[in-house]
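Both complexes shown next keep chain A, but they swap its partner, so chain B is in the first and chain C is in the second.
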Partner chain A sequence: MSAALRWPLRAVLLGLAVFVIFGPLANLLIWSVAEAWFWPNKLPSQWGFRFWEVVFRPTGRAMESLWLSVWIALLTTAASLALSIPAGYALARGRLPWRPVVLLLFLMPQAFPSLPVYINIAQIFFAFDLNGTVPGVVLVHTVHGLVYSVWIATAAFAAIEPELEQAARNMGAGAPRTFFEVTLPLAAPGLVASAIFVFLESLDEFTGSFFVGAPEVRTLPLLLYNAAAGGNIQIASISALILLVPSVAFMLLVERFLKGEVMAKLGR
Partner chain B sequence: MGPNRNISILLTVPALVVVALLFIYPLGFSLVGAFQDKAGAWTLGNFGRAWDLYRLDTAFTVVIVLVSCALIAFFSVAIGGYLTLGESRVAKAILNFVYRWPLFIPFIVAAQCMRTFIARNGMMNMTLVYFGILDLDQVQGFLDWRGIVFTFVWKQTPFVALMVAGAMAGLDRATIEAARNLGASRLRILVEIVVPQVSRTLAVGLVLSFVTMMSVLSVPLMLSGQSPSMLTVNMAWRINSVGDYGTANALGFVSYLMTGFAAWFYLRHGMRERAGR
Partner chain C sequence: MSARLEIDRIETSYGATRVLKGVSLDVAPGEFVALLGSSGCGKTTLLRTIAGFLSADAGEIRVGGRDISGEPPDRRGMAMVFQSYALWPHMTVAQNVGYGLRLKKWDRARIDARVNEILAMLKLDGFGHRNVTQLSGGQRQRVALGRALAVEPQVLLLDEPLSNLDARIREDVRHEIKALQKSLGITAIHVTHDREEAMVMADRIVILDAGQIAQVGPPETIYNAPNSPFVAAFMGATNVVRIEAERSGEAIVVAPGAGNRPARLARPGPQGFARGKLVAHFRSEAAELADAGADFADSLMLPGRIVQAAYPGGVWRYSVAVGESQFLVDAPEKRALGDAVAVRVPADALHLYQAGAS
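Here is the complex of A and B:
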């Protein structure tokens, strides 16, 4: 190919990529501020924030769903960390029999299609009156979150130099004090990353909430689905945008953590 | 250093109990439920009903997931390949910034985006009309199996591409440079030198994407509710509208078999690769 042709070709291909990746997001953004948009107009005939007002009305269902989703995500994050910090520490530092099997066990929820499992959780929860309750949804989200939080916590603890803990012990600190004043602070960045990850997974979770939570526990993804099924494109688009913001913010934040070299180690 | 054996077990037990009770137990429940009727007697009737009602949808699910995997593989190798072998710094920087955006966009948000973007009156068609590539009376919507494939590829390509690009970046540049000096084209270097060395990473990414696509309910539910549909939608229908756990579990069993087959394919591939070394 001649050099003169290279840049036009690059521009066309990159333009196509940009269009395919950002087009759907742009379409979502436009719909959120479209008050009237009729076929075959290329753009809305009436723009405005009327639907934003509907969504953000303090008494509205959307705000209720948003706070409920945030509350569930916070509880899920707390539960996941409470379970995964001890487990991750033991997996990284302790003398655990069957260590590879245990690690694999925590990976299982990711290795099976989750939907049939959620169906049966809902059936089991029925006997315990957990369907349609916040604790029920939190439990389902926690199992899903444990996959990430245990693996990331294990990696975070394993990355700490044992000599640092040894030094603290040599200076007379007990095992608990060494853990809370040396090990935990050093592992904190990794643990925070896993917490954010679990929080977002819970915030966006649809399938488990659909079977265990609906219709009593109406999280934001369920509200989005109902609005879309009801043909209310603007409300659905605005709900989608609200869910989008934390995810994109996180992406820009963790770009440092998400180096391809680390991702390449997955599954090895 | 570190906790002893008993304390280690004690620290791990709470998390293990949660996974056992809320994942392993319901998983076993679904496996057993696939072979039981409503009264709890052993039967293959659930599979008979699943075969009668959903054999088309099962084939449909396999086709959608395989086509998506093929496209994801193609695009992630193309992206990774350009990031590794591309000559223009500027183009590489733009691509590197652009391609990973869908990675963090939740499936349900992606589904809602696509409901408008690839609909008959969506921005894709309108843009094609604007550039004169399509005529207004030619436009058609893609809210069917093609929309599901489009959304899956859109959402999963960055994930696999990130893994593949990372593996490619870690390759020994010397062989690539040597091939270049011998006059091999970049496409040939990509196909014959780079891709074979990252095939393991690519396979892991594809198997993970396969399981993900078999699990996601929101995308097929929101993009194409009508028949034929994916097994996830069928299972939700059996539960929410008919209350038929038996058939739903039989369909769940079928989806385990599919992912099991994908995992087996990957493992066999890995074995052969190791044996060849």
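Here is the complex of A and C:
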């Protein structure tokens, strides 16, 4: 291909990529400040921040949903860390004969279509009175997040040379002290990354929250769904934009924390 | 602080494989002992069993008379310098060195003082605030040593601590470690596969072979009087010649063989030897090259032909084909390939063993 042709082609491809990624975002942005936008107008006929004010009104349901979502995401993160730290350490250090099977087991909730899984969970939870409760939603999100947190925690612990722990034992530190002063700080970047993944997954999660939580527990994605289904595109757009902020922020963080060598240990 | 270390019939396994098959060793307070052997001989296993990272199936380990074989690694009073150094990357140099003291609940000021003293001793002044990842190999090695020495251990364990260093630095560090160990009077066990390193550093060398002790002794004894063909070969006497001989008073008479001329050697040969086959080991630097026809008294003469020559420095090293076998011989003079020569091995340079006995 000649150089004369190459540059315009690149420009077109780049423009296409930008449009595919930022086009929908721009649409969201415009909708969020559109107070009136009727077909066949190309742009809103009336601009304003009225709907932002509605969403951020202290008594507004949107803010309530946002805080609920964040609270559920924090609880989910804590629950999955509480499980994945011991599980990951055992999988990385112990000579478990069923190690690959156990790792696959955590993948199971992702492997099946989520609708039948969550409908069944909802039925089981019904028997335990967990439907429509925050613990129920946290539980569903935790199961969903475990695959990330256990896998990443396993890799993070496996990446630590056993001699680093032996050196601490050798200096006179007992097993628990060695774990908290050597193992855990060294695994921290990987664990933080897994925590961020779980947090974001929980924040975004819809299907499980819908079957287990709705209508009592109304997370932000559920609110968004209701708003969109009810034709309230402005509220839906603003909710979507709010959801986008932590996702982007944390993805940038993850990129810094999750080193290649940690991911490489996943295959061991 | 130094203590006697007694290792009593220790047996250790990795899974189903028995690696140590009953090793006993008595190390005096302040003594420097090198565990020497090829890879897989069990030397590292022995060190890790002493440190408590592996548990022994049988036997006892006593430090200062106290049996520690059932104790976890943190209650053994040992300090180990790892081959990988195993420095904690999330701590500074000073935190690494001071960690053991923090565990002993020393106060901050006292730890700082001790750490500075150790760093000064190891010529690492001013490195305290550095991150260990910013150090060179030699500096890391010294931090690892400093961390072990800071706690004034009863026994210092060294797991091939020099194998990751450049050859030039290694020479210096050998002497530094040895000098420090002597001045502090610490009992030390040093694992190495480097013969010269063991010779230079140790008061006593333990040669391990397939999980058992092959020979224990001071470096010069191991070098000059290896008690088995294995130790002889391991200590560099790699030229092997098989001979037929008969004892005659305080001498042995060697019959002419495939490679050797008849000879009379003024030494009694191995203990209990009367007549039969012998295996003779000798070092390339202990033999000489003579002209093909020459004959020397009290020497084993092996006539052959030069097939290879190299100059490693100082002397020439020739490969001489004698019958079916080849020998390496050092000689100061230059000779041509294909020259007919005789390898002369003086009687006292031969390590003789009865054939069949390993």
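Definition applied: the second predicted complex is superposed on the first by the 254 of 268 C-alpha atoms of A that agree within 3 Å, B and C clash if a C-alpha of one lies under 4 Å from a C-alpha of the other, contacts with A are read in each partner's own complex, and residues count from 1 in each chain.
Note that contacts are C-beta pairs under 8 Å (C-beta built on N, C-alpha and C of every residue); 3 or more make two chains touch, one makes a residue touch a chain.
Treat the numbers as computed from the prediction; the structure is a model and nothing was measured.
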**Q.** Clash-or-fit label for the pair chain B, chain C on chain A
**A.** fit
Q. First (chain B), second (chain C), both or neither: which does A:166 touch?
A. both
Q: In the three-chain superposition, say which chain, chain B or chain C, touches more residues of chain A.
A: B
Q. So, does A:174 touch the first partner chain B, the second partner chain C, both, or neither?
A. second
Q. Does the superposition put A:56 against chain B (first), chain C (second), both, or neither?
A. neither
Q: Answer with first, second, both or neither: which of chain B and chain C does A:28 touch in the superposed model?
A: first
(Q) For A:182 in the superposed arrangement: first (chain B), second (chain C), both or neither? (A) second
Q: Identify the partner contact of A:109: answer first if only chain B is touched, second if only chain C is, both if each is, neither if none is.
A: first
Q. In whole Å, what is the nearest CA distance you get between chain B and chain C after the fit?
A. 6
Q) Do any residues of chain A touch both chain B and chain C, and if so, which are they? A) 166, 169, 175
Q: Spell out the part of chain B that touches chain A in their complex, as residue ranges.
A: 1-5, 7-9, 11-12, 14-16, 18-19, 22-27, 29-30, 33, 88, 91, 94-95, 98-118, 120-124, 126-127, 129-130, 136, 154, 162-163, 165-167, 169-170, 201, 204, 208, 211, 214-218, 221-222, 232, 235-236, 239, 245, 248-249, 251-253, 255-256, 259, 263
Q | In the complex with chain A, residue positions of chain C that touch it | A | 51-53, 72-75, 78-80, 82, 84, 86-90, 99-100, 103-104, 147, 151
Q: Spell out the residues on chain A that touch chain B in their complex, using ranges where they run on.
A: 6-7, 10, 14, 17-28, 30-31, 39-40, 42, 82-84, 86-87, 89-91, 93-97, 102, 105-106, 108-124, 139-140, 142-143, 146, 150, 162, 165-166, 169, 175, 200, 203-204, 206-207, 210-211, 221, 224-225, 228-229, 233, 236-237, 239-240, 243-244, 247-248, 250-251, 258-264, 266-268
Q) Inside the complex, what are the residues of chain A that reach chain C? A) 161, 163-164, 166-175, 177, 182, 185-186
